[in-house]
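Quick heads-up: structures coming right below.
Presented sequentially are two complexes of subunit A, the first with subunit B as partner and the second with subunit C.
Our next item is the complex of A and B:
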């Protein structure tokens, strides 16, 4: 089978071939047009979207605050979702005595609320892991990350330190993790627990029982690493527990056919345009079938290597080497890459919004935090870091606003989102990034 | 906690499985049964997560090449110039463990499958029943190989117990064995190679115990787990005597498997894994096709191993030699005729080719370039770091590079544009170091092709570093060849690699370096002297916060 978007479009719906579009979507719904959840309320999901090298301030920041702002050039791709979107401008990223680590400090501050001491390291768990601990319990995967440029290291999800939870680097690897071995197909009526999972679970218990022995004679650094190892063991145990449960959504979901071969995933813009929506759709189906409640999608490294064929420089290098056009007042080629990044974000939102569930869509029952590493990549500045948030958190987050900077630190967004997602947290972040007051006007 | 989570499952399960589940807590063993580490007064010096290749090689050596390793490995990253250094600080993430768990189960399944059973150390009296004697034999055999030390009595008891209980429940000896082996395969004792120190004779610090010596030597020399002979020498204590150590070091070095060990070192030192994620602009450079990166990597490794190991030549020649190894793909890029005698052939570039050792191989030129353009700065920064252990600090945050790329600039070549840096003092401090190195390589484009003009202007490849003037890649090659920092950097990185510590922390390689120098910079001499020197096995005393068994028990 030739692999293109079509491979995801096929699946079975009540035994018949379903094609993505309305008939496919109907498979998610019961006769009343509701997603089938065994009478339980739909879960709220959390997603992140990362792109590197930021946007161009004069082209993305709306002129007015509130809901009636005039759409800007660089946010234009997001126009279809403006009512479901919050735009945060003018956020500060105070680093106190920490260095401004190029292409790192800004993103780390946004997702941990802590200015990092060292590039490449997080000083706490990232926000997706903090949220996953609360909303992701009992589902198969605590979180799933994917990188559409083909590099598993492009992940912004961590339990702390320099360990990053690797991203699935291709559509095939993402498919296999989600819908390969261990996946309980909710379309099958004769579900029963797989006894082999019980055995494997007993194996994990035996591994976990060795914790105390392993921890002996270790220095503090190695102890922290082994602690993370055993946390990981515990999460895989929980994954098996989830696999022993009847899948919680009994919707006659159309699970896509496995792709027969993989696609080239790299930094070339034409490939990103194909891979990003594919990965977004796989993630969306995983969320809809409750395989996970936290999905992270990244489209680049912080030093964004995206390039349009024929451009010898690419995005990141352009931010440093392209002169500011004196008439326009900005770097025109960089601006184009900015816009393309927003098109990829739009592709993600499109997939989330295409799946209907409950009275709305998957996007309505989600929060998507889009973040980046630099406010102005040319000079590596972080103040004014753009943050875009989509999705209504099942009605707990008001949307449609442009929130203009009032000197708030960037961590205020993270605190607000955690509140909307039901994370019990009074304050978030450290030093000047520590915040206690969420954007209460956005919380419903 | 664990039991309460299982309650809802019990109800949903068939009675037989529920019964099995109910006995599970009894299988897990008691705290009292947990083993103490092999030696009483000992401490862990380092825990290094196995790299993908180390894991694969270990499985192949322990169970045989027919056992397939199927799964993805967590990435490493580069720290202090080496991925090997990061393995001493990485843990296992949930995603990584999920993969280790699946691989362990899969490997254990293959090892206990019908067609493999004749290779196991024994067969049970009845394959449908537990057999503690046989299980003990098998588990202690593989346990010792996987953990690179013998299992303690308590560890063995636990695994044999699990094996027995599952065999009873399933009426299948091999099912029990499978899950016990799976436990061994996913414990940190296998996934991480731990180096354990014991107090040294002078009482002032520590020295690696014999098992850890065997492990360090084996992964350094062969990039795999210790073989039976090395484990025997560790067990008998021979590795802690000068004669015993020398015998094993010479044995390891005489083997063709030394190639694998040194390939792994140079792959890391030369950062060749960068090729995995190199993208080239197919519009500007259509010749860069799929498979090119793999061929380029192989070319470099073949060149290094052939020159430094097989021919035992001065490693400084790696900077100047015109000899290389090519396959058909590379021949196209290098524009040389390819004789069809085998997949890979040795080739010598003509003197006027401009080529000079590793510096002008496609791998190095392509890795440190932009997708559609060469980058003297990237090349300069990378080569200084790789060959001279001289990293370049990050540029200032607010630096303006736009002059480098201003199309209206009267400056036509990259050289002229880069030289604009020299007028800015902040830039100049670094660029006067890195740019000459890269500018000397400007005769080669982003995929390593030879050229002599840029935008119609002849490329000037003259350069000057600290008063030394030279021209082109061959001049640069000679410059690095003659710089004593280069062989010192190789020695420092070999130390750093073998121990998983940052190269700036390596201070004790001077003895080995001296022999290295006296031998005319022969890699074999460096390796051997290093591996025979006591200081190579020295360990710092345990820190005040190193945990004791008691503390951990209280947690």
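Our next item is the complex of A and C:
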């Protein structure tokens, strides 16, 4: 459903047409607080990027805070996007009385604001789903997740509990989901509503009156249950509504040919170097064509199994087995894998920034939250968890900063991003992770 | 004039005497806790990521399961493994882009390492006596931290860094070269890890010292040490905060000792000590029971203090604590330590707690270091026990049962089965993987899901024990 200043709430009251206007909402404004000239603001998108096993503190944390920090060794791949990037260091993950679930507690806290009680479970919806609830309505897919290492279970998107919204494990499956059956290219002139959607919608409309009549005859308890049920029905209706309208896009993109089915998606570094940019490009096109507004890309499991051919250990195993070089003060092979993880993140940003849209790029109209599971994987430490955020949220998020957390809970980042994305939230998280103060210096 | 000076002096002396006789209390929270394993290498030396050999360990830290040749050497001691099997396990096929070599090596070695007994179906982390000793390098340095626990100065005793002779710390001699516990300035992996978890809130230890005379010199002082239910508070920089309040619980992990303070240094009497054990998982939390223990607290100029606690610990407790929090093979392969070797090293160096029935020592002398940060240590409003975590009760039960099975095994030399829900592999898992075939990801309890295998193992008929 698209809202604008002329939108009226409609209904009937005792047989007569009733209409009600809306207050002047934020969504009627552009990034500078002004109405768009065409009356339709560009949508802001939310993305997540996950890599496992963190970074090496002495190699990624800039020495100074603010905007003039010196780019560190492990952030070097992100140098081209420095002005569109925020770096968060010194963030704390207070666990209260919860266990430190190896390779889980840190990531779960970062994206739910709640330290989990059990490994493998989230105690609320993940941040992408919380944001999708607000910005993801009215598009074909509420959210889309992809895993470039080829495992559909490598998803950090959940409606809570142990259920994960599965990732697309190959470029071809991602392509098929986004641009396969049911997809109509909004850039082409022959766009038509899907007749199957029309039929389904008419069925739902036909039962609408009955639904109301049933509701009137229920007690409060059953009515609450039916409300829950009809809320999901309503979501389906909204979904269909969206699919019956041509997506309004500004980006000039063309839908590529399907990727080869021979591409291998797994943990081998040479494959990740090919698959990750390809999935990032497909995700970027999906965002640009308004198929979805929330895209999650992961490159590994929390126990990052990335490996360079010939290395008998791989990333995760190296974090535990490789000794710290006493002279360097860190694990050299692990540091290399850290850097390669940042190269994959850079590949994602490159694809988002390559699509011109309005006066900027898709990245300018997005927020990308890059997060991981451990601060120091060798000992499964979570305090000091690295978080990187790219994109300006259509001008609502200031970028180019290194924010030194001063031991702030990691959830402060999530709260800030939700504020920037227009999510109505006063506080976020639970127990010691509950925060009320966003990084106001970043909010435009 | 002289009279006035004398009067003033008398008043000053009386006042000083009055102050000295006042009750006093000092409190500390433990900010770092590690075995007193003195590192003898050069901290600034690097040789391709290797930990420098030092006067403590001339051959450097242990390299068990680090490379295929080490694995082959260890498995060649297993009587029922053929040379072909040993070769296949030590060097599993893991080339190419579609295979994850880390997983292949890890799962194969982890599983194979758990079955090194005289019979194929014996899980040897629970039954270490049933395996051949692969050998553990021992500390050769003469300098070691700790206490003279037996009051004797024996030829093989350590000399403390301060020159005190007769130091008993056989745990250091037995385990001091073990890779995850060795490193300069407490940088061994498990040292860092356990302390990181302590600071995260897994457990808190507090110390309270009190007396009625002078805090610098008091021969009738008292030292209390025990578990606190309050998590360690950190300051904005992430360091342990100074002068926060903590409750001390008079639980099974609490001890009150008579102490003597001389020039600020606190020395306790020699008695049994109960206090929290080093842990990096909840299931490990338990009493570190020191027999004939002693504690020393030496103040630093900045208000912090250095503590040392020592005594004889049951070597079976020391062993099980290190092995079963995850699984013997998991930790062994990752940390380059071999628990079978560690078991035999403990037995070899046990030097206390003579068991009259067996004629063997059940205890090993040891010492642990404590870094103490000033705190207010108070009693709880109401008596309370150590809180438990419902969500981890199952894992803790499994840990305790596995540890108990091990104690039974090494006491009776009768092979014990793998308890239900233990992190250790069942014979079904171990042999199926370890025989040299390609291991499956996630197989093995305690590392991924293997419900089917676990169920199968439970229903399998037990093998007869060797007469």
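Going forward, the second predicted complex is superposed on the first by the 357 of 444 C-alpha atoms of A that agree within 3 Å, B and C clash if a C-alpha of one lies under 4 Å from a C-alpha of the other, contacts with A are read in each partner's own complex, and residues count from 1 in each chain.
In the analysis below, a residue touches a chain if its C-beta (ideal position, glycine included) is under 8 Å from a C-beta of that chain, and two chains touch if they have at least 3 such contacts.
All values reported here derive from a predicted model rather than from experimental measurement.
Of the two partner chains, both subunit B and subunit C are touched by A:100. Within the superposed three-chain model, A:305 lies in touch with subunit B and with subunit C [touch as defined at top].
In the superposition on chain A, A:313 makes contact with both subunit B and subunit C. Contact with subunit C, but none with subunit B, is seen for A:328 once the two complexes are overlaid on the shared chain.
By the touch criterion stated above, A:92 is placed in contact with subunit C alone, subunit B being left untouched. In the superposition on chain A, A:444 contacts neither subunit B nor subunit C. Looking at the shared chain after the overlay, A:71 reaches neither subunit B nor subunit C. Once the two complexes are laid over each other on the shared chain, residue contacts for A:268 go to subunit B and to subunit C alike.
Within the superposed three-chain model, A:384 lies in touch with subunit C and out of touch with subunit B [touch as defined at top]. Comparing subunit B with subunit C, the partner in contact with more residues of subunit A is B. Subunit A residues in contact with subunit B (one complex) as well as with subunit C (other complex) are 100, 266-268, 305, 307, 309, 311-314, 317, 320-324, 378-381. Subunit C contributes residues 41-46, 48-52, 61, 66, 94-98, 100-103, 105-106, 179, 183-184, 187, 189, 192-193, 196-197, 199-202, 231, 234-238, 281-282, 333-336, 387, 389, 391-392 to its touches with subunit A in the complex.
Interface residues of subunit A facing subunit C in the complex, by the touch rule stated above, are 90, 92, 94-97, 99-100, 117-118, 264, 266-268, 270-271, 305, 307, 309, 311-318, 320-328, 331-333, 376, 378-384, 406-407.
Those residues of subunit B whose C-beta lies close enough to touch subunit A in the complex are 2, 5-6, 8-9, 12-14, 17, 20-21, 24, 27-29, 31, 34-37, 42-44, 46-47, 72, 74-75, 77, 86, 89-98, 101-102, 104-105, 158-159, 162, 166, 175, 179, 182-183, 186-189, 196, 277, 279, 281-284, 370-373, 394, 397-406, 446, 542-543, 545-549, 552-553, 555. On subunit A, the positions that touch subunit B within their shared complex are 100, 102, 120, 142-143, 145, 150-153, 158-159, 161-166, 173, 181, 192-193, 195, 198-200, 202-207, 209-210, 212-226, 228-229, 231-233, 235-236, 239, 241, 244-246, 266-268, 305, 307, 309-314, 317, 320-324, 378-381.
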